[in-house]
Amino acid sequence: MQTSAERRLDHQTEAPDHFDAIVAADQKVEPRDWMPEAYRKTLIRQIAQHAHSEIIGMQPEGNWISRAPTLKRKAILLAKVQDEAGHGLYLYAAAETLGVDREELVEMLVDGRQKYSSIFNYPTLTWADIGAIGWLVDGAAIVNQVPLCRCSYGPYARAMIRICKEESFHQRQGYEILHTLSHGTPEQKAMAQDAVNRWWYPSLAMFGPPDGDSTHSERSMAWKIKRFSNDELRQRFVDMCVQQAGVLGLRLPDPDLRWNEERRAHDYTQPDYDELMRVIKGEGPCNRQRMAHRRRAHEDGAWVREAARAYAEKQHV
Amino acid sequence: MQTSAERRLDHQTEAPDHFDAIVAADQKVEPRDWMPEAYRKTLIRQIAQHAHSEIIGMQPEGNWISRAPTLKRKAILLAKVQDEAGHGLYLYAAAETLGVDREELVEMLVDGRQKYSSIFNYPTLTWADIGAIGWLVDGAAIVNQVPLCRCSYGPYARAMIRICKEESFHQRQGYEILHTLSHGTPEQKAMAQDAVNRWWYPSLAMFGPPDGDSTHSERSMAWKIKRFSNDELRQRFVDMCVQQAGVLGLRLPDPDLRWNEERRAHDYTQPDYDELMRVIKGEGPCNRQRMAHRRRAHEDGAWVREAARAYAEKQHV
Amino acid sequence: MSDTAALALQLGDDALIAAQRLAEWCSRAPEMEEDIALANIALDQLGAARLFLTYAGEATNRTEDDLAYLRDDREFRNALLVELDNGDFAVTIGKLLFLAVFQRLRYESLAKGPDRRLAEIAAKARTESAYHAEHAALWTVRLGDGTDESHQRMQAAVDALWPYTHELFEGDAADLRRPWLAEIERTLGEATLTRPADGWAPSGGRVGVHTEELSKLLAEMQVLHRAHPGATW
Amino acid sequence: MSDTAALALQLGDDALIAAQRLAEWCSRAPEMEEDIALANIALDQLGAARLFLTYAGEATNRTEDDLAYLRDDREFRNALLVELDNGDFAVTIGKLLFLAVFQRLRYESLAKGPDRRLAEIAAKARTESAYHAEHAALWTVRLGDGTDESHQRMQAAVDALWPYTHELFEGDAADLRRPWLAEIERTLGEATLTRPADGWAPSGGRVGVHTEELSKLLAEMQVLHRAHPGATW
């Protein structure tokens, strides 16, 4: 009979092979499986950042709930922002399977040690921004996320399947808002075009730096966390948007955007990656505002969470 | 040669006669003069309540500064509310000549030991309320205050002269707002009538309970702090308003209001004095809100006042 | 306006303004689960508001949006309770508890009432209200029987809101106060909170005399709709 | 729109939004004298705004009220600094200090400029700005060199606002930064405050890309005017 120390040793020596085999066979790594520490850390960082993005992402859209132009739109938008909180929860739960606490992760968000998607550091200036976020930002997110449904880490892949389903619903809603605006009054159409003008390049930047400059990418590919390069996904997104913009009757704000017959893809102007770096560094229009908002909510709620804990403890006595 | 103690004794024995003589001769009692303790206390209470009313009175009108319908109206309203702060300051200064501190008085306001005029416990619901407050509330204040310009206590009388001049300017502005509204669109006219409907009876109640129920009144008359009874002033106000309402083209909301040839005055329906008592007791629509607002401003500003004191002390070292 | 339309308007306005206030919590709640729960309740209230307002406007050919976006505060018929500032989480929970228990009782009674349309809407909404009341009661007990601070905040909230509960039972709803009180007193008791004394009973909401807060809430709620008259969204 | 009209619009919008924010303090200031002083400054800003906006609208036949009440935030040209939330009294004083010193320098330069109307308005406004700057400097020093708490709050305000000052010097106003800095650094020094490092420099106000706050400020400011198109007040 083996001692538990021996079993652990066995497990650890056999484990790397087992892990490699799972990944090679396109099967899922599960929480009980051995995994390289770097794989675990990469996943925690990525899933947490993704979860944080859902939570911070509630703010720019939440900004228009009180002012939504019809009750139906108000309900749809509120439900959407609520879904984002839900996505945050699934993702924190997926991260927790890797041996971290949600509370710990939230602390890291609140004190700036972990990041969230830079796209949410741009302001929502008009109602049409709600449409543009749905169409472009959720659209980009979906292009990014669909491959993650096949990610090698099981809990993350399963969370993504659920999230992608809802995201594509959100994207359709955003598209529909823009469609209504662009077929509405001249003021509404102008509002829609203005929003697309402002959100286009930040959406392109959501795919991250160009492949040449991307850190972490290669290893993530090998581990089958990531399946396509930043530039591949960006191209896919551009091609998709061009077609949809036509139906919407809106221009994408890129004079050099055109079909390249040879590449069977659109040529397009790259986003300003220096701007992306500045926004990541904390110098986007709304970084401080988003963080302050999150921090205030967290602090203002402290007494409530404490009360809930105290009450729960009394019930267990 | 007299000792100072003897002089003081002399002063005190001679003083009551001197005080009575001043009052009888319709001259002014000044801070240096001896005065009965009850006279002093009555004045402090009355002047402080008057000062508090100016300060609390900033709130209902301040509620519409951000929404004033033109820039000109915004400027006029802001200047008016600012004047009220100024009136508060003159009046606190007048009270201070009677040997109390402003800070002490403000504390008494903030913790509810001293009152302010109940009229400010009604909400301003529309822009027309700004007109109605100017016309009716300032109008009633002027009818109340003009006789105070001849009050026996010098500093109070002089403050009132200055205040009455500004108040009558404010009243004209309110009248003019209502006049513009009542000659504007049907919606504007309806807004004006609605405001007059709501402010009429509370304005009548500003003159206090009917003469039969009025405490303090007789002594104040004898001391020439007060010169007319509550009901005399109320009648004067009604007669004045009837005539002006005609020019405005607005109805006063009293079906029994009519000229009484015999009395050479208008008969009118008395305000609901039970309501007045409830509002004084703290149960008006906005008592808690007004007090909470004042208290918050006071508390939020504490660190600033402290800093100013600390800085001033450093300069004197 | 018929009595039924007037009643539908009142019910719709209560639910609409409650939804607008609850939605202010979105992205600000004390925990993520609660963010979702409050949004859910806001969505339920909004859903009920839409049904009631649609019904209220039919006779006069006005849509739910006409009623929500093109009336000013003097025309709104909600009780003052729902328009009050959210305050801290305890105030929000207090408002919800008082409102939701009332709504549930009212919807139960309407579901048995003579007007078929109102009965249908009420039958659907009462299930939701029961959940809202339960959720609010749970938090009332947690906060009341939690820490010293939470107890004190919850008691302060209940004290501040109590006067505004009287208005709910004006007119036809008078009979509901007794069962409402029974349920509220039970919850307050469980929460180790003191049931405030009755006294000051502000009102006016049902005849359009609101607090100064409502016109500001509406300014924000209606700004976009009003800026584009006749537009489709 | 001519360059002059565009400039007048920018100057008018700075002053108008500053006035709107300052007026929020009315009945809320830390002492009564300060309530009066802030209202005075708001009135000065509002007065200047009216003159600039009247001039800005002449060529296109729009009144000061057309410009103030019938544009949305994408059409406003104020610097972001003036639309930021008032925050605590230290933030308000910091905003006023940075703005008023800038306005005084800008008005001084315009008063000597070629456009007669702008020069006239600027000549009047610069005296007022000098007073505003003095008042703000006085408080900056008092708070900076007052108590520990006030020092910390004033430093935090200066740090938070500093990035937004860069935008003031965009375009034609670039030359003013040096004298502005000299004066601000002197005041900060006297106030025992640290001058923040330059770095992040948010902008966009001059082309109508504002913070999320502005459209909310405008929703409240414009609600009544917009609700009654064409009415006289």
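For clarity, chains are labelled A, B, C and D in written order, and residue numbers in each chain start from 1.
Methods note: contacts are C-beta pairs under 8 Å (C-beta built on N, C-alpha and C of every residue); 3 or more make two chains touch, one makes a residue touch a chain.
In UniProt terms, the chains line up like this: A, B = 1,2-phenylacetyl-CoA epoxidase subunit PaaA; C, D = Phenylacetic acid degradation protein.
Nothing here was measured: the structure is a model prediction, and the numbers come from that model.
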| item | value |
| --- | --- |
| Shortest chain-hopping distance from subunit B out to subunit C | 1 |
| Set of chains whose contacts include both subunit D and subunit C | A, B |
| Most remote chain, CA-based centroid, reference being subunit A | B |
| Subunit A-subunit D separation of Cα centroids, rounded to whole Å | 38 |
| Centre distance in Å when subunit A and subunit B are each reduced to the mean of their C-alpha atoms | 60 |
| Subunit C: positions in contact with at least two other chains | 72, 219-220, 223 |
| Multi-partner residues of subunit A (each touching 2 or more other chains) | 67 |
| Arrangement of touching chains [line / ring / star / complete / other] | other |
| Interchain contacts (touch definition) - all pairs | A-C, A-D, B-C, B-D, C-D |
| Residues of subunit D touching subunit B in the complex | 16, 20, 23-24, 26-36, 39-40, 42-43, 46-47, 49-50, 53, 64-65, 68-69, 88-89, 141-143, 145-147, 149-150, 153, 220-221, 223-225, 228, 231-233 |
| Touching residues on subunit A, where the partner in the complex is subunit D | 60, 63, 67, 123-126, 194, 198, 282-283, 285-286, 288-289 |
| Subunit C - residues contacting subunit B, complex | 72-74, 160, 199-200, 202, 204, 209-212, 215, 219 |
| Residues of subunit A that touch subunit C when the two form their complex | 55, 58-59, 62, 65-75, 78-79, 81-82, 85-86, 88-89, 92, 127, 177, 180-181, 184-185, 187-188, 293, 296-297, 300-308, 310-311, 314 |
| Residues of subunit C touching subunit D in the complex | 72, 216, 219-220, 222-223, 226-227 |
